[in-house]
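Below is the structure I would like to discuss, written out as structure tokens.
Naming follows writing order (A, B, C and D), and every chain is counted from residue 1.
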Amino acid sequence: MALTKEQIAQRIAKELKDGYYVNLGIGIPTLVANFIPEGINVVLQSENGLLGMGPFPEDGKEDADLINAGKQTITTLPGSAIFDSAMSFGMIRAGKVHLTVLGAMEVADNGDIANWKIPNKMVKGMGGAMDLVAAAKNIIVAMQQTNPKGESKLLSKCSLPLTGIKCVTKIVTDLGVFEIIPDGFLCVEHAPDVTIDEIKAKTSGRLVIADNVKPVAI
Amino acid sequence: MALTKEQIAQRIAKELKDGYYVNLGIGIPTLVANFIPEGINVVLQSENGLLGMGPFPEDGKEDADLINAGKQTITTLPGSAIFDSAMSFGMIRAGKVHLTVLGAMEVADNGDIANWKIPNKMVKGMGGAMDLVAAAKNIIVAMQQTNPKGESKLLSKCSLPLTGIKCVTKIVTDLGVFEIIPDGFLCVEHAPDVTIDEIKAKTSGRLVIADNVKPVAI
Amino acid sequence: MSINKVVANADEAIQDIQDGATVMFGGFGLCGIPENCIAAMVKKGTTNLTCISNNAGVNDFGVGLMLHKKQVKKMIASYVGENTEFERQLLSGELEVQLIPQGTLATRCLIAGYGIPFVPVLAGVGTEVAEGKETVVRNGKKYLIEEAFEADFAIVKAWKGDTMGNLIFKDTARNFNPLMAMAGKTTIAEVEELVNPGQLNPNMIHTPGIYVHRIFQGTNYEKRIEHKTVRKTN
Amino acid sequence: MSINKVVANADEAIQDIQDGATVMFGGFGLCGIPENCIAAMVKKGTTNLTCISNNAGVNDFGVGLMLHKKQVKKMIASYVGENTEFERQLLSGELEVQLIPQGTLATRCLIAGYGIPFVPVLAGVGTEVAEGKETVVRNGKKYLIEEAFEADFAIVKAWKGDTMGNLIFKDTARNFNPLMAMAGKTTIAEVEELVNPGQLNPNMIHTPGIYVHRIFQGTNYEKRIEHKTVRKTN
């Protein structure tokens, strides 16, 4: 069975290490916060200017002045710090954020990523995505293996305008876990009951199956 | 009679306009704060990170955490703001400080200034002087016309290492008031009872006497 | 030393903003936006504006109100996905748009306020954002040269401010506000609470008054929430 | 989410600073200097240090204590006029010194903390500070290219801090401290009062904990005053 969105998030949560500062993008990445392993302390950064993002507020306690980068109402946690957007991206650029998780429309087998624009169709802007992918050392993409038409989103070359080049380190999809290596996508884990053949069929870029490929443990 | 240090400061204080943010250097410039004209509201900036510098504290009320750029204990005033040194020089560089008053060892008739180093003799460092003279639009130098040996400090070319080039706008000395113009030092005021001949004798750079030169009104 | 920067209201604060001006608006999404000044701009009907703002508001709130009235010639922003009217004007060619990375937007404000003419950044290298831009290589990495903004006016919203222009922001309504406050040739601040000098702790000022030219206490803040998300409670 | 960065004391905080390291020290004059860590550095006797600090302390206090013990190979500072031992070591050639403008010093810390590799500045153009430096012309003005600092350690002193490393500074003891805190590969903060997470207002944090790696509550602060100046009272 392919992974659910929650399971993708759960798998990514295993990448968290104690003491990490983490930036979670909109969508599946946001769900990662629900699966932080026991004993692992991480601080969530929201690039509009917050360290220590907490859960959504209780109904009626939401505050228009306290939102995350997805414009959702949130809370702070004890030990939070608030700052302006220049400092927020400053700490990202300076490599102080250990892990960035974000969604993508396309990833290429050299680590290029496209997630901000569909020419003549969707113009939303890159927001902080270009800054994040240019600066972060460890970038994990959370996405579906294929688009709604069933076409692979793991490509030899992105067809959409790029967000960043050679920056993605790992991809977790509904079908498996892939690392970017010089030879392309290295499949290190597959979703339970998803065959390597299915992964091969749904990966359009260069694909290498790890010798010790194993089922995603979630 | 030549002007006293207090009178030099008093004369410079006449350059203050309502609403000015002002940076006063160590020495005579500091005294300018004592002569701010009635009805003129100015805010004093101290480049270690303070807007709204107040007078010295009362004896016993000094606080080691509250000093000016000359390391003297000071006070804040209502409406003060404290910030780090990068912002402090940021606002200076961005031209938000209207007037800078500082001392000098030498000034050249093209507006060059030297006030930070005597090779092989005095090595104190430039502190914030180079930043201030490079950025400020209106720089007034307060100094004696001559050095202790009786040699003019108003030169055709500085002999000491420069602090900044072509930056001084006006000089107030014990003998008079000089503006920097393309032709050199323009003497616009002379100290009461100080003759133009004495000023000429004690100015070694190019000197122009203004047609309407008049006594310093203090 | 009390320099008084108080103006009566938003109308007075923005009265000299002319057609064709470049104006920055603080805020992130609808959070921390200068609602009073935007309303006054819409009322005044100034046109041909170049607006610099992280977002373009929504169709009927924030900077979106000015877009709706076609007051904006050019929009410089990082994310405009919440505004369908924006997307329509852009795709139809009615609106000139420059989309830039959010951190670059923030930093171009910062360096304007710090008197730094340009800054090298990695964001956008290898993308269409890099097109036509000067680059520099440092330690084997390619950087884009990004220029400091030059804005005729910056309009920001703060939580508290004093009559000398010192500002304090609340929570993530801070965002771009202190940065744009530093970057305007003329900076206008509207605040929820205007106090006298001495009522704000000098250690806790986010924007020193030297960067602010006009200040007033705003009224009737709607503070619309864009995406209300709440916890499941049992 | 509580990441604990507390170490027992100054000795533990500095224990892995090796001979030859580059170390930043916060403070301006004797104001806001990390007294506990400086004492620990003197006790440990680490040598061959490159120190980055706005000033060099006085002969018997602050960074001057390390100079006196000949622990410093190279000093990068902006003003050292208060330290006659410094002047002696410099003029005799025992000490390598790089004097740089104060605003440049501050900005080179800032950009290090913001991941910006270099910055163009006007300060020093046409002076000996410009010698050997790359320059760039912009809008008809010549700028010096100044590089971001790379410091192995930054040691700062704050007023209050929490166990997650968030810092608040008091009055002009802020100075270079938050800037250097951002610029160290490893940043050590000593604070007058160490509190638990939640005891500091998130809106009033000067240095977010992400920039701080070790923190402890210092003891026995002398807080020496360099020039006591008081008002004449009648």
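Operating definition for what follows: contacts are C-beta pairs under 8 Å (C-beta built on N, C-alpha and C of every residue); 3 or more make two chains touch, one makes a residue touch a chain.
The model shown is predicted, which means the values in this text are computed figures rather than measured ones.
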item	value
Set of chains adjacent to chain B and to chain C	D
Result of counting contacting C-beta pairs for A-C and A-D, higher pair	A-C
Chain separated most widely from chain A, comparing mean CA positions	B
Approximate Å spacing (C-alpha centroids) for the pair chain A, chain D	36
Between chain B and chain A, distance of the C-alpha-averaged centres to the nearest whole Å	56
Chain centre separation (chain C, chain D; CA means) in Å	33
Chain A and chain C, separation of their C-alpha mean positions in angstrom	28
Residues of chain A engaged with two or more neighbouring chains	50, 76, 82-83, 86, 89-90, 92-93, 135
Touching two or more other chains - residues of chain C	107, 114, 116, 121, 170-171, 174, 202-203
Set of all touching chain pairs, with the criterion as stated earlier	A-C, A-D, B-C, B-D, C-D
Residue ranges of chain B touching chain C (in the complex, touch as defined)	18-19, 21, 41-45, 50-52, 54, 76-83, 86-87, 89-97, 135
Contacting residues of chain C [partner chain A, same complex]	28-32, 54, 77-82, 87, 90-91, 97, 99-107, 109-110, 121-129, 159, 170-179, 206, 223-231, 233
Residues of chain D defined as touching chain C within the complex	107, 114, 116-121, 138-139, 141, 143, 168-171, 174, 202-204
Interface residues, chain C side, partner chain B - complex	1-4, 112-116, 162-164, 166, 182, 196-198, 202-203, 205, 208-211
Chain B - residues contacting chain D, complex	46-50, 55-68, 70-74, 76, 82-86, 88-90, 92-93, 112, 120, 123-131, 134-135, 161-165
